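You will see two complexes here that share chain A, one where it goes with chain B and one where it goes with chain C.
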Partner chain A sequence: MPSATLLGQALISGVLAGGMYGLLAMGLSLSWGLLRLVNLSHFALAFLAAYIVYELGTTWHVAPWWSAALVVPAMFGIGAAQHWLFDRFRVNELASLLITFSVAVILEAGIQLYWTADFRRYETPYSTLSIKAGPFFIPVLELALCLVAGTLAWGTWLWLRRTFVGKALRASAEDADIAAAYGVNHKQLAYLLSGIGAAYAGIAGTFIALIATLAPAEIWTWLGVVFAVVIIGRLGNPLGALLAGMLIGASQSVAMAIFSPAWAPVVSFSILIVVLLWDPEWL
Partner chain B sequence: MAMKVARDLPRLVAALAVGAFALLPTAGLPAFYDSFLYLVLFWVSLATSWALLSGFAGYFSLGHAAFFGVGLYTTAVMATKFDVPFLLTLPAAAILPALLAVVIGAIVFRLRRLRGELFALLTLAVTFVIATIVLNTPIDGGGGIFMSAVPLPSLMPTPTGTFYLLAFVICVTTLAIAWKVSHSRLGMGLFAIHDDEDVAEAKGVPTFRYKLAAFALSAGIAGIVGGVHAMFVGFITVAGTFELTVPLYVVLMSVLGGSRSWFGPAVGAVVITTLLNSFNSGDQAMLGRAFVGFILIVAILWLPDGVVPAVRKWLKRRPTGAARAGAAVAPVVASTKPAGDRTLLEVRGATKRFGGLLALAGVDLDVREGEIVGLVGPNGSGKTTLINVISGHYPLSGGSIALDGRQISALPAHDIARRGVARTYQIPRPFMNMTALENVIAAATFGGPSRSPAEIREESLHWMAFTGLSGKEDMLPAGLNLHERKFLELARALATKPKLLLLDEVLSGLNPTEIDNAIRLVRAIRAQGATIVFVEHLMRAVVELSDRVAVLNEGKLFALGAPHEVMRDPGVVSIYLGKAYAA
Partner chain C sequence: MIEQIGAWRRRRVLTGMAAGTAVLAAPALLRAAPSGKPVKVGGTLSLTGFLAQTAGIHRIAAEIMVEEINSRNGFLGRPVEYVLLDDQSKPEMARSLYEKLITVDKVDLIQGPYATAPILAAMGVAQRYGKVMIQSSMGIPKLQTYDRAFPATPFGPEPDKTYPNVILDAMASIPTPPKTIVVLTSKFPSAQFMAKGMQKEAEARGVKVMLYLEYESGNHDFGAIAARVKEANPDFLWVGSLGLESNLLLEALRKLDYAPKNHFHLYPAPGPLALSPDGDRALCSTFLEPDEPFMSRPGMKRYAAEFKERATKANLPYTTIDAQACGMISEWQMLEAAVNGAVSLDDAKIATWLKTHKVDTVLGHLRFDGPYNHGDASQMIKQVQHKEWKVVWPKEFAAPGVKLIAS
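Then we have the complex of A and B:
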């Protein structure tokens, strides 16, 4: 059994790493839960954003936040454009999964052609920065990510609960025809939501550029975990997605500290399987 | 004699062609071609096996790599650690994954919630869990397994030729299985499950068993393909085995070719493997993948059912049966058939609870053989729920139901259907991907007494004519109007030769002429010997048709008797009918 300090550190890193799962899961959860579209290209869009931030930062020396200011609205536009395709062809859930998978493959090929298959690392002064709290180290970038993810999740949740637009979206997700009969312009809202989902991929991508090592094939590494997070957090619930992300991150990290790093996938997927089979009320 | 030759000739040619293809490696082609053809056959087998469950029954699995991988590691471990000859490991490589599928299916298929994309993700999660277990236990241990010391039997002059032959045998067998399944009772049941699982169960399809069978078959084939592939690749690793490529490619291939057709996945597999192979190195391979992705997008948007069904539809273009407008009028039968004395249906204290809501609060009802009982009551009084518990769609919370003196309340819905209970739905629920005739045939096959396919077809045609649907046999339900769909529901129910027919608001939404026609039809059905319980709001029909009327209110039997007596009962009038009818 590892020491309490090691466990505590594992817990902290796990929760912080879970912030990334949650941030990636939020966009997916929104489009799946509220638009009934399963968007696999979300991961590829995040990596496209990450590569652009990396390119702007290393070649043009643009600060990451300025890059983000450029990339996030661009992603919003891509998300809305993608929805035009789904809307035009009345795509269902399964077809959306296959189409967005293809989109992801095409983006992966594009990224590899331009940036090659080599590993890329965007070194910034913040990469190694960390705060010391008692015996524990808290990396600054991951902490910032969690704060941003938390703010976005909380804000989106409030937006869906409290505002007319949010309620209209949830009504449309329940029954689009009835909602339309009550005057909800579902189509317009769907474009907005798709854009927002893709914009989240842009934000996640900015952090991926700063935190992770980039390679085209890395697009697929988080797929399984993030889908587990989306389901455990309940579809269409951004706050649930973030909390589930942190839960999975923490349990993976602790399992890695106690057993061995190689066992980590079993933790998240076992949690997913249990949740799917058991379907508890509290989730 | 000439007839026999004409019939056997295509078979002979096909057998010769198969034999010639099997012996292809002896022609001395460069090894490159053998390997390429091996890969084509490999993907055809995998994609076809995937479609057995996921294409036919619509349970999309993203876990095909799990079964493929278990088969692969079964062969690898048996051959390297226990020195079992390679060919002898293959049966185990098929059986182990099939057993795994049965275990997973036995849990998952019981949960109604886990259909559609949740099933897909669950199977994906299972893949990751199995991969991690294999990686961290001595099965692999993280270092991978070298197969180089395992002797390969020389079935062909070259090793690549041997692999080709093995893959060829598996591929032909897989296609034969897919053909056989899609033309069998099992296939018909799986197609019905694909379209509407609840209705399939209510029509007598043993859905749970059928899904398990398809899952096991699908996993077993994937496993044996994996077993051969272990030898083909020579060095196996967890990362290379349980990756996303397998599930995603089989889905792409099947969807592109048409996953509901037995050879659609094969067409998709050949196209995609050839395309991928023509971009063979480095960046080109990446471009190839992108190109395949692009083709898939185009195919899904413009050919959502896949290439094979689209080509078939195009070949079969024929004028629709629009020429024969208007449903035929049902024969007129006197309404005076007396009800017998034997009790057919015996409902005792039937109770159904949904959470805190008591939908049925102890209903007692006897229905005599040959009788027509009208079931009336205000909305929410439990009429449809009573139909649902009799047909077995919902289990009872309390009480009992007997048919012909035998308890049926604990049986699954498909068993009840087979014992002679048929039902229709208030909103028609035909199998949307089957033609009108296929809908009736499917119901007759699973619900009715066992007969030969030819008899079933003839009787189904008879019942379609009986319900005035002649000329609509080849139309898909989407092309029928509400009236025709309601009558298709009736034809489906009748084709099972039910002892007891449960009709749920057959008349709602019909115009007066159609209603007259439907009333005549119900009488004609009774004249065939069926007992009928029908839910109806239209009082004219209730009074005209019923021998007795049962009034439900708040989940209890409120009144029971001859239509005119019950309708005059002041209590019934006050809860349901209103003053106008009483006067």
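Then we have the complex of A and C:
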């Protein structure tokens, strides 16, 4: 039986790892839930952002936060431009899945062309910094990621529920025609939302550059688990996405501590099946 | 008189120049450039997909070898043309592409792809058409059951038994030999295969296996695994890792303020682990490093310089030649030796020649008359010392002044 320290440490690691799932899931959840577009290129955009942060950091010695200040608005622009194409060609939910998959494959090829297929690692002084809290260690970068993800999730959730723009977006997702009858310009709002989703990919990418390994094929690494997170957290719900991410991260990590680490992926998809079958009202 | 001496001197100078030119030109004249219809050698590499990191290395090594072979006599006087396709790191794609290479592109010979799964897929096709297939990266030799498939790397027929003992011998030589071990491995088949062997051999030698853990290949979250390793606190940590998994694990351990005492990594990305702040004294498997005695092997210095130049041009982050690149060089050295030895492009004759002869390669003298066409095992151990990989075991392969450093 694992010790309490091991379980506690595993729980901390899992919740913090879940922050990354949640952050990646947020943009996807907004796009899927409120625009009815399943944007698989979200993962590729996050990795493109990660590679740019890596390049700026290693070649030009730009601090990651300054890189983020450049990358995130750029991603917003890419997201809005992408939506222009979706709108121009009247892409529906199913078609979006195929088209954005193709976009992701093209981006992957582009990344490989420029940065090669080799593994890249952005070593920074804070890569291995931890805070000691009793017998536990809390990694600083992962903690920062969770704080950023938490702030974004709360901010976006409040924005969607308390502001006119947010309510208009939700109304359009429910019934675009009725919302339009009340003066909601869905098209304009969709550009904004698509840009925000891509900007979140930019933020996730900044942390990916600092925490993870970069290789073009890694784009697909989190696809399965993030999809599970989006569905468990409910479409269009950023707070739900973050909490679901943390739930899955913590469950996987505790499973790794108690059983074999190879069981971790089984845990996330088992939770997904249970939630879909159970479908609790409070969720 | 003066004129005669002058004329005599002129004649001597002209004769000398002519003789010099003839001497310089002689090798080129004697070995006529290959001509005629090219000999097509087909193969796939994982140019894209999750194994693509290695393809850049293999492609450069293959290009160096094809140019070198063509600068000699090609294959039987004909130029060699390498028909390379991208199997996208997918075995099913490798299978289809080898089918295409043989039936549509009509290649004369084939070279194997990279990694166990694509090799197995391609081997089925090679067997159907009776083609000789030389490969350099099949980590599970017992799966190479096709009698015309040959290894270009000296894994030996049972690396799961021989190599763990090389590692345990090395560990037994340090002042405080490990009494406990944690075996942690990716579920990638060739890594898992070696991990099982390590567990078994360690137990057989009385080293207590405190933990045997498997994780999904490509895992990114090593927090909980690191916590388990830290709690076990073994004398020796053996990691069946691929790519950057070792870097991620060592970072996760450092975040817990823990550094493993002695640690071995099976197939890590060599550059990033050597350069990592956590990589110092890490141990790893190898067949060769660009150091003595290996650099004295024929052609090795030239290959190393050529590889560095081309890898830099290709923007590869790690430009030092290593066992991966030399595996591909060895493949081509074998094929060239077999074609010249058999004096034929016929697969049956080439296979027969390989089974009955030894081949001198950059990876040593290889023979193919053992089980699964394997010869002697020659896996070694290298260690990160001052951000560079150095062969440290067996001792006779360590460069002068280099020795295994224990924690």
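Here is the rule we use: the second predicted complex is superposed on the first by the 283 of 283 C-alpha atoms of A that agree within 3 Å, B and C clash if a C-alpha of one lies under 4 Å from a C-alpha of the other, contacts with A are read in each partner's own complex, and residues count from 1 in each chain.
Definition applied: a contact is a pair of C-beta atoms (placed from the backbone, for glycine too) under 8 Å apart; a residue touches a chain by one contact, two chains touch by 3 or more.
On a predicted model such as this, the values are computed, not experimentally measured, just so you know.
Chemist: If you stack the two complexes on chain A, which partner ends up touching A:T124: first (chain B), second (chain C), both, or neither?
Modeler: In the superposition, A:T124 contacts neither chain B nor chain C.
Chemist: Quick one: is A:F101 in contact with chain B, with chain C, with both, or with neither? Answer first, second, both or neither.
Modeler: It touches chain B, and chain C stays clear.
Chemist: Going by the contact rule set out at the top, does A:Q112 touch chain B (first), chain C (second), both, or neither?
Modeler: both
Chemist: Counting only touches as set out at the top, which of chain B and chain C does A:P265 meet: first, second, both, neither?
Modeler: both
Chemist: Touch test for A:P139: chain B only (first), chain C only (second), both, or neither?
Modeler: In the superposition, A:P139 contacts chain C only.
Chemist: Have a look at where A:A228 lands relative to chain B and chain C in the superposition and call it first, second, both or neither.
Modeler: A:A228 contacts chain B only, not chain C.
Chemist: Is A:A212 touching the first partner chain B, the second partner chain C, both, or neither of them?
Modeler: The second partner, chain C, only.
Chemist: A:F89 in the overlay: touching chain B, chain C, both, or neither? Say first, second, both or neither.
Modeler: first
Chemist: On chain A, which stretch or stretches are contacted by chain B in one complex as well as by chain C in the other?
Modeler: Chain A residues touching both partners: 108-109, 112, 260, 262, 264-265.
Chemist: Help me check something: in the complex, which residues belonging to chain A touch chain C?
Modeler: Those in contact with chain C are residues 2-3, 5-6, 9-10, 12-14, 16-17, 108-109, 112, 115-121, 123, 127-130, 132, 137, 139, 212-213, 215-218, 221-222, 249, 252-254, 256-257, 260-262, 264-265.
Chemist: Which chain C residues qualify as touching chain A in the complex?
Modeler: Within the complex, chain C contacts chain A at residues 47-50, 52-53, 55-56, 89, 187, 213-216, 218-221, 223-228, 231, 243-244, 247-248, 251-252, 254-257, 269, 272, 275-278, 314-318.
Chemist: Give the list of chain B residues in touch with chain A in this complex.
Modeler: Within the complex, chain B touches chain A at residues 60, 107-108, 111, 113-114, 116-118, 120-122, 124-126, 128-129, 131-133, 135-136, 142, 244, 248, 251-252, 255, 283, 286-287, 289-290, 292-294, 296-297, 300-301, 304.
Chemist: Would you pull the chain A residues touching chain B in the complex into a rising list?
Modeler: 38, 85, 89, 91, 93-95, 97-99, 101-106, 108-110, 112-113, 220, 223-224, 227-228, 231, 260, 262-266, 269-270, 272-273, 276-277, 279
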